[in-house]
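Okay, so chain A shows up in both of these, paired with chain B first and chain C after.
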Partner chain A sequence: MAEFTLDCLGEACPVPLMRTEKKMAELSVGDVLVVSIDHSCAMKNVPEWARKQGHNVEIEEIDDGEWEVVIEKTK
Partner chain B sequence: MGQTAGPATKSTRTRAPRKPKKSQLPFALLATALVIVFGFYLNYYNDKMVVYLLFGISFGVILQRSRFCFTASMRDPCITGSTSVTRAVLIACSLATIGFTAIKYSAHMKGETIPGMENVGQISLALAIGAVLFGIGMVIAGGCASGTLMRVGEGFTMQMISLFFFVLGSLWGAHDMGWWRAHVIKDAPAVFLPDVFGWLGALLVQSLIILLLYIASVKWQEKKMGSAE
Partner chain C sequence: MNAFWLKITSNRFYKRLLKEPFTYVTGAVLLAVFAIAHLAVFSKGWGVTSAFADWGAWMYKLVGGNVDNWAYFSSEKAQKTLSGGFMNDGGSIRNLGIILGAFLATLFASEFKLKKIKSKKQIVAAALGGLLMGYGARLANGCNIGALFTSISSLSLSGWIFWLFLFGGAFIGSKLLAKYFM
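What follows is the complex of A and B.
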């Protein structure tokens, strides 16, 4: 049940999504990944991808135009 | 939508406190006031310009709020297999088809010149090569034309570089387009579908193509992600 962070600040689509995809493959079930994003398009497609994969997702807007996507790996 | 239950560890996570940011509301009000003043200024010259301004601003607001992204519609099926944005673009295309047919057909029925006919472009190999080059560019830049403009408005600094080169490239393209037309694509055909299939036929053919693409994108996502949701 470890927690990992992924800093994608300043990265444009689709880099955050691809990095999240790669990082999630390394995690084991139950681990949590926190992705920091400041690109509004990535804020949409990263959670969407993770939800479609069946993971638990939560989005927090921590500042104007800056989000943390919390993904819990479920499988 | 999928599961909305939050991870159990959420409550235990801590974050370094940040200093609170100033409210951006004054800027929003100032920008709104400036847009209204600019509208009156444009109206002084030409009464159509205000309509253009309103359409432009509405388009920007809708793009920003809906995160409608033409780049993602072409790119996400390749990266993740998700085609939700692709399908949104296809629906938008079908609505635009109906709208543009209505505008053009009513002009045709009244015997007026059909608006927008100068945009019926020639189909050539140069078009296909140009489209592929644009595709590579928009994936590297992280946004197509409208997406780049919208994100510059949001304040995404990296995309201001994209905008600079987007303007540079457009100017270069506009400068050389006459040469390309005169030397490379002069014999390429320009197809206006109603000339080929008739007005109703063109509407049906285009709708059928969009429908087939829609079915294909549903199948693609089912294959790649296991669900069409």
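What follows is the complex of A and C.
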């Protein structure tokens, strides 16, 4: 049940999604990954990908144009 | 005052119209309507990058350069656009509108942010990518708008050929991205 963070601030599509996919593969079931994003299209495709994989996803708007996507690995 | 803004930003119409992206269908319908309007106003299809070449020529003139003898600018039409200046060039005004509109959209959605540059690699990649895109757009006589969107909607075969090579370029680009940016 560890928590990991991934800093994707300043990175444009599709880098945040590619890095999230890679990082999620390293996690064990039940772990949580917090991805920091400031690119609005990554804020769409990262949660979309994670939900399609069946993970639990929550999005928090931290500041103007800055989000934290919290992904809990379910399988 | 803060409560007022919180109330506005949680309003469903604000969210639907200004905060959340339009659906693909809404976007496609709007693009079709505006493309028709563009054709009606300018009597030619929508393109973006040709005006950028003129911007480059004007900037080059500012520092004392002369493009009159360049093959690209030698046609009468190109010369007329260049001598007419920025304010008389519909394409330039339209591009300015695209930039301003994109800026306003981020402001309305309250998503404006000055982003930090993460590494020197990003600077090199952005400069190199921009130059290649500009160069390619001039060789292909258009970008994904002029050579793809407008061509295909005018039933031109060239648009589909552009599309094939666009895929090839995107494939190579994403391989390079994975190799140097991951």
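We take it that the second predicted complex is superposed on the first by the 75 of 75 C-alpha atoms of A that agree within 3 Å, B and C clash if a C-alpha of one lies under 4 Å from a C-alpha of the other, contacts with A are read in each partner's own complex, and residues count from 1 in each chain.
Methods note: a residue touches a chain if its C-beta (ideal position, glycine included) is under 8 Å from a C-beta of that chain, and two chains touch if they have at least 3 such contacts.
Not measured: the values here are computed from a predicted model.
Participant: Between chain B and chain C, positioned on chain A by superposition, is the outcome a clash or a fit?
Facilitator: With chain A as the common anchor, chain B and chain C collide in the superposed model.
Participant: With both complexes overlaid on chain A, does A:Trp49 touch chain B (first), chain C (second), both or neither?
Facilitator: In the superposition, A:Trp49 touches chain B alone.
Participant: Of the two partner chains, chain B (first) and chain C (second), which one does A:Pro14 touch, if any: first, second, both, or neither?
Facilitator: In the superposition, A:Pro14 contacts both chain B and chain C.
Participant: Where does A:Val29 make contact in the superposed view: on chain B (first), on chain C (second), on both, or on neither?
Facilitator: Once the two structures are laid over each other on A, A:Val29 reaches no partner at all.
Participant: Determine, under the contact definition given at the top, whether A:Asp38 touches first (chain B), second (chain C), both, or neither.
Facilitator: In the superposition, A:Asp38 contacts both chain B and chain C.
Participant: Which chain makes contact with more of the residues of chain A, chain B or else chain C?
Facilitator: Between chain B and chain C, the winner on chain A residue contacts is B.
Participant: Taking the superposition as given, does A:Asp64 touch the first partner, chain B, the second, chain C, both, or neither?
Facilitator: both
Participant: Considering only touches as defined above, state whether A:Glu3 meets chain B (first), chain C (second), both or neither.
Facilitator: first
Participant: Of the stretches 25-33, 43-51, 169-177 or 205-213, which one in chain B hits chain C?
Facilitator: 169-177
Participant: Shared contact residues on chain A for chain B and chain C?
Facilitator: Correct list for chain A: 10, 14-15, 18, 38-40, 44, 63-65.
Participant: How about chain B: which of its residues touch chain A in the complex?
Facilitator: Touching chain A from chain B are residues 1-10, 13, 15, 18, 21, 24, 64, 67, 69, 71-72, 75-76, 79-80, 82, 84-85, 139, 141-143, 147, 151, 154-159, 225, 227, 229.
Participant: Name, in rising order, each residue of chain A that touches chain C in their complex.
Facilitator: It is residues 9-11, 14-15, 18-19, 22, 38-40, 44, 63-66 of chain A that touch chain C.
Participant: Help me check something: in the complex, which residues belonging to chain C touch chain A?
Facilitator: 21, 106, 109-113, 115-118, 122, 174, 177-178, 181-182
Participant: Touching chain B in the complex: which residues of chain A?
Facilitator: Per the touch definition, chain A meets chain B at residues 1, 3, 10, 12-15, 17-18, 21, 32, 34, 38-41, 43-45, 48-49, 51-54, 56-58, 62-65, 70-72.
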